[in-house]
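In what comes next, chain A is part of two complexes: it sits with chain B in the first one and with chain C in the second one.
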Partner chain A sequence: MHSNRYCNRIIVLPFSVLLEIRVKPDNSGVVTDGVKHSMNPFCEIAVEEAVKLKEKKLIKEVVAVSCGPQQSQETIRTALAMGADRGIHVEVAGKDYETLGPLQVSKIMAALAKKEDAQLIILGKQAIDDDCNQTGQMTAALLDWPQGTFASEVSLDGDKVKVVREIDGGLETIKISTPAVLTADLRLNTPRYATLPNIMKAKKKKIANVKPADLGVDLTSRLEVLKVEEPPQRQAGVKVETVEDLVGKLKETGRI
Partner chain B sequence: MLGLLRQSFRQISRPWGTCQAAWRCSSSRAAPDVASDHAAASSFPPLQTYSEEESMMREAVKKYAQERIAPFVSKMDENSEMDEEVIKSLFEQGLMGIEIDPEYGGTGSTFFSSILVIEELAKVDPSVAVLCDIQNTLINTLFVQLGTPAQKEQYLSRLSTDMVGSFCLSEAESGSDAFALKTRAEKHKDYYIINGSKMWISNAEHAGVFLVMANVDPSAGYRGITCFIVDRDTEGLEICKKENKLGLRASSTCPLNFDNVKVPEKNILGKVGHGYKYAIGMLNEGRIGIAAQMVGLAQGCFDHTVPYTRQRVQFGKRIFDFQGMQHQIAHVATQIEAARLLTYNAARLKEAGRPFIKEACMAKYFTSEVATLTTSKCIEWMGGVGFTKDYPIEKYYRDCKIGTIYEGTTNVQLSTMAKFIDKEYDY
Partner chain C sequence: ITDFCAGGCCGRQTVREQHGKDESVHRCRPPDVVVFPRCVEEVSALAKLCHRHQLPIIPFGTGTGLEGGVGAVKGGVCFSLRNMDQILDLHPEDFDVTVEPGVTRKALNSYLRETGLWFPVDPGADASLCGMAATSASGTNAVRYGTMRENVMNLEVVLADGSVIHTAGRNRRPRKTAAGYNLTNLFVGSEGTLGIITKTTLRLYGVPEEMVSAVCSFSSVQAAVDSTVQILQAGVPIARIEFLDEVMIDACNKFSSLSYPVSPTLFLEFHGSERSLEEQVNTTEDITQSNGGSDFQWARDAETRNRLWKARHDAWYAALAMRPGCKAYATDVCVPLSRLPHIIVETKEDLIESRLTGHIVGHVGDGNFHCLMVMDPSDQDELHRVHLFSQRLARRALAMDGTCTGEHGVGLGKRSLLCEEVGPSVIRVMQSLKDAIDPNNLMNPGKILL
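Moving on, here comes the complex of A and B:
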């Protein structure tokens, strides 16, 4: 029998990603105006894991946090409809939002984790629009907490967490102490749909509004985006008849 | 004299009213259709303005339909059979008890949410949409509005969690002429004996409860029609082999036989002899649901077709780039938009407690015609492949036809509208 006083609160960080990517004409970035957003798939998996842990009565409360403009509230509502208890919307808009990167988000998460006295932070391993794969790791470093990244299986055991990680060589199992940061990989679970009754219940759940300044976080970016370009158009292939032709062509184009 | 003046003012003001409404609709395109409460609170928001909960529901159903229903559509159509998993997941998602109170396990949402859900489901499979439509707009509404506390207790929680319902009005000899129904219910002490048959009953294959319109007193004509709650396992109730249909094949449509079916008096829904009123009332609302189904069907078909026209190249350009095609496509898109707005407006009118019957008839009539036009055109735009079963287009073409027929044929809608129009000019 383990008591669940060790794991009271989980914070999940669902991010919204763009559904359609088009580079801006001036190559300074990607078009965001009027483009539909949706919750990052890995973050959905993270939220699902947190809700599952709560359903198993291993933790008491799931808090969904999102950083961004007004639209981020939708992402939080979706997390609430999936089963999170309450939400925190960290308002970041305009220019600040354009330069918001993993470092800034990690600082915000670290500040919130301390403020909310969380035992676990679960995030998606990476956002599918920028593929950074940094926020989880940086957050753990800022808090000096252990991390279990690329999790494909998570189990709580008293004040420890057993994490099975997907690594290049296969699977690695580690045991870390809470408080800890976990990042969700694809095979961790299959996220549930927000059922209509849960969407109705989510309306009553609270979303608190917070500004980064309130958390003492400086949003200045250390990075400057120089250029964003589309990948080169895929060229048509060439068919050859024999292996000799193939070798010849490869030599011709300087590939070998 | 004053009376006459008042009448003529009303005549003059109406055209202005409609002009204003049209202007409001056409200027709506700027913002995407996610609403904030601010937009809704401002005067005259566009028809495509949704509450946050309505938007979330639509997104959730869209995703669910794509992932959990789409893979089964073709097989269900071919086998003329609704997959049990699909029905189960509809209940799990809370789509079968949208307006039922949470105390009975329902979602506790609004009529407009039901309309949005039906539209989204119909984009993927109109058969699934009609199952959901009948449950929500006919069966659930009848129980909610007319059920005694005991009846609600017994049925509403089942209807929202695992039991499908069927509405039994039509017979072989009475379709549009619904009140000429012959199924008879004879009173004995505290029960009734029902004899007769019903035809064209949707959902019958899977239904656990049947709302049966039977006449307790044929000498009273339609004023004898009474609504009975009949459980599936009642002795004497026979669910016959389903029809082999052109479209909506996954939706079971069966004849029913009633052979001395004994139904206790407590199973009467509402009042004896008032069944005809309930039937008309429910069908007025159900009409809007069918309109939503037709809009979804048309849009779903359209959404499958346009990408093809943008890919297919003939004579060195995309077939979409030919002016002839562009004009046809734009025309159909306009029709679908108009159909949608008619439907949404009828739904909002009903929710606002305002008169909506004429508008509901217009919506059902217009959307079913638009669905027929859209699907027919889509097959043409797809060319040869549109004619094959390898592509989903021909299914939409087959599915749409019932739209002009069931829940009130086009001719019935038009006659009903004409009655209203006639009255409007009474002075």
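Moving on, here comes the complex of A and C:
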């Protein structure tokens, strides 16, 4: 008889990203005060996938985890409104938050995965503000779990997961055992809009507060940001009257 | 003008031509210059300037109108408001938000995603919300959520002399009011002839818990429309109820690779909690079946529902695809529900007699339908027949206690029909309002009133 073990628990990691990027005047980073935050689009897709798996009754519980200051709770609430069952807010604020990067987050995720006895971790493939694309992979490495990254299709089959991955040359299909880490790519699904009744119900769902120290995680960053600068201003173009002028100008600027 | 408009002003021919036409069949009538104000103070300063020099003022949102409303028939200054694109003052607990003219309906709904709220008025185009207020727009959801008339709570308007008013009072947004003349709804539908709308405060709704759509075919137009009337009489709070005749369904099948039966069809959508949906659907199915309707084809999840409605929204393109190289024109009459079968049947007979290609699609829940006509722009005779047909259709609707325009507006082409519709004494009242608010006829001259 072939065993059909239920996947019990999925953890998703929705991150909030800045909606508008402006470099700080002292070139030490980007402005975060007062800038509107929103759930990272790839994380929305990850949450949607987890909720879909629960609706298909393939998993029992979806836990949404976010690391950051107080406002991360809003991102967790959005995930709860989309259908996650409960949330965990890992409090990271001030200086620690400024230097919080994929390595620190993946250490936190690894600790939580063990504590919560999760079978699947689903994250967005990358955050659209820093574009690191590292957290999923690092988490899998720390846990020594298989990883299915850039997923455009996920299906559970007993205690294995079939993942179709988007790669440069096309699509690659792999089968990995659980527990596993997946990262969501654009075409995995179309995230639902949170409905008003579900937002109201989400207010009653629990969000637990945890500190990184409670999980035994050291947040010290191994990176130091030296400088952040905007790309150079685009120079105005020059209009020319004839083809000869064009060729002349190209030669003048050493292009040909 | 450049001194008053840091946002820019442009006299180049291409830009002027872009701002002299919309998506109607009316030819381009470019303004003399286009300005791009960035705030209401600039709009007011520019309006004062135009007023001093007696220059016509034409407000421009997204240029997606269907009645030639932006044509500068007397030249003048086009105020392109697209740089004023802020979403201001969202109050989720009060279900209201204020937007500037550069904000389109899809941009607003995208912004509102995480609040669980949406703005349901959905005309075909991704139009400017202030533009939608100016033309009293409507969409497929009107049967349940209303048109712009029911959903605009306040407007900030710049008048022809540059003065700025808030039709319901500055910052006011009570859900109802009995205070004074209803100026807000005077400006809704005024098509730029009374003032420039620079802000609109809109009524929002909660995104429904569940949505489900269905398609049902009938053997006759009568059966489809009878079902519509009975569904509404049964008190089903149906969200969308759209009718497509067999010509339209055939075009949609071909364009979107579908295989719906080629006969009069209803596309339905229900919104609510899971339990209420069950009740709505059962009541509706009983009704359609008693009228000989087919079994429902269902769409529950978002992707399938979107595909179903895309087929309906692509009707314009589907009609065009039936005769490549041609242009399309949509009529827009609206009649009391009980007269709908009669007018549709007569209209279809007229189409055949006039040898025209016409597809009927409409918001039957409101008694409003569009005849999408496809015509060869080089065939003068066909163009003439289309024109006469539309006039006959409008008069048919008027004879049935209806209106010559359910949602597109009067613009350039329906001014005489408006006279027939409301009569000379009402036209006199409308003209005196216009004369009181814009005595020099600078605001979008040549529209609505002759």
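The definition used in the following text is that the second predicted complex is superposed on the first by the 230 of 256 C-alpha atoms of A that agree within 3 Å, B and C clash if a C-alpha of one lies under 4 Å from a C-alpha of the other, contacts with A are read in each partner's own complex, and residues count from 1 in each chain.
Methods note: contacts are C-beta pairs under 8 Å (C-beta built on N, C-alpha and C of every residue); 3 or more make two chains touch, one makes a residue touch a chain.
The structure presented is a predicted model; accordingly, all values stated were derived computationally and were not measured.
Visitor: Specify the outcome, clash or fit, for chain B and chain C once both structures are aligned onto chain A.
Guide: clash
Visitor: Which partner, chain B or chain C, touches the larger number of chain A residues?
Guide: B
Visitor: On the A-aligned overlay, A:Tyr193 touches which partner chain: chain B = first, chain C = second, or both, or neither?
Guide: both
Visitor: Regarding the shared-chain residue A:Thr78, is it in contact with chain B (first), chain C (second), both, or neither?
Guide: After superposing on A, A:Thr78 lies in contact with both chain B and chain C.
Visitor: Return first, second, both or neither, reflecting whether A:Ile256 touches chain B, chain C, both chains, or no partner chain.
Guide: neither
Visitor: Given the touch rule stated above, what does A:Met39 touch, chain B (first), chain C (second), both, or neither?
Guide: A:Met39 contacts chain C only, not chain B.
Visitor: Once the structures are superposed on A, label A:Lys203 by its partner contacts, choosing first (chain B), second (chain C), both or neither.
Guide: first
Visitor: After superposing on chain A, which of these stretches of chain B ends up overlapping chain C: 25-33, 187-195 or 205-213?
Guide: Clashes occur only in 205-213.
Visitor: Following superposition on chain A, which residues of chain A contact chain B and also contact chain C?
Guide: On chain A, the residues that contact chain B in one structure and chain C in the other are 78, 81, 193-199.
Visitor: Once bound in the complex, which stretches of chain C touch chain A?
Guide: Where chain C meets chain A, its residues are 113-118, 206-209, 273, 302-303.
Visitor: Could you please specify the touching residues of chain B with respect to chain A in the complex?
Guide: Listed in rising order, the residues are 32, 34, 36, 52-53, 56-57, 60-61, 63-64, 68, 92-95, 98, 102, 106-109, 113, 117.
Visitor: Quick check: in the complex, which residue numbers of chain A touch chain C?
Guide: These residues of chain A touch chain C: 38-39, 78, 81, 190, 192-199.
Visitor: Of all residues in chain A, which touch chain B in the complex?
Guide: Residues 34, 36, 70, 74, 77-78, 81, 193-200, 202-203 of chain A touch chain B in their complex.
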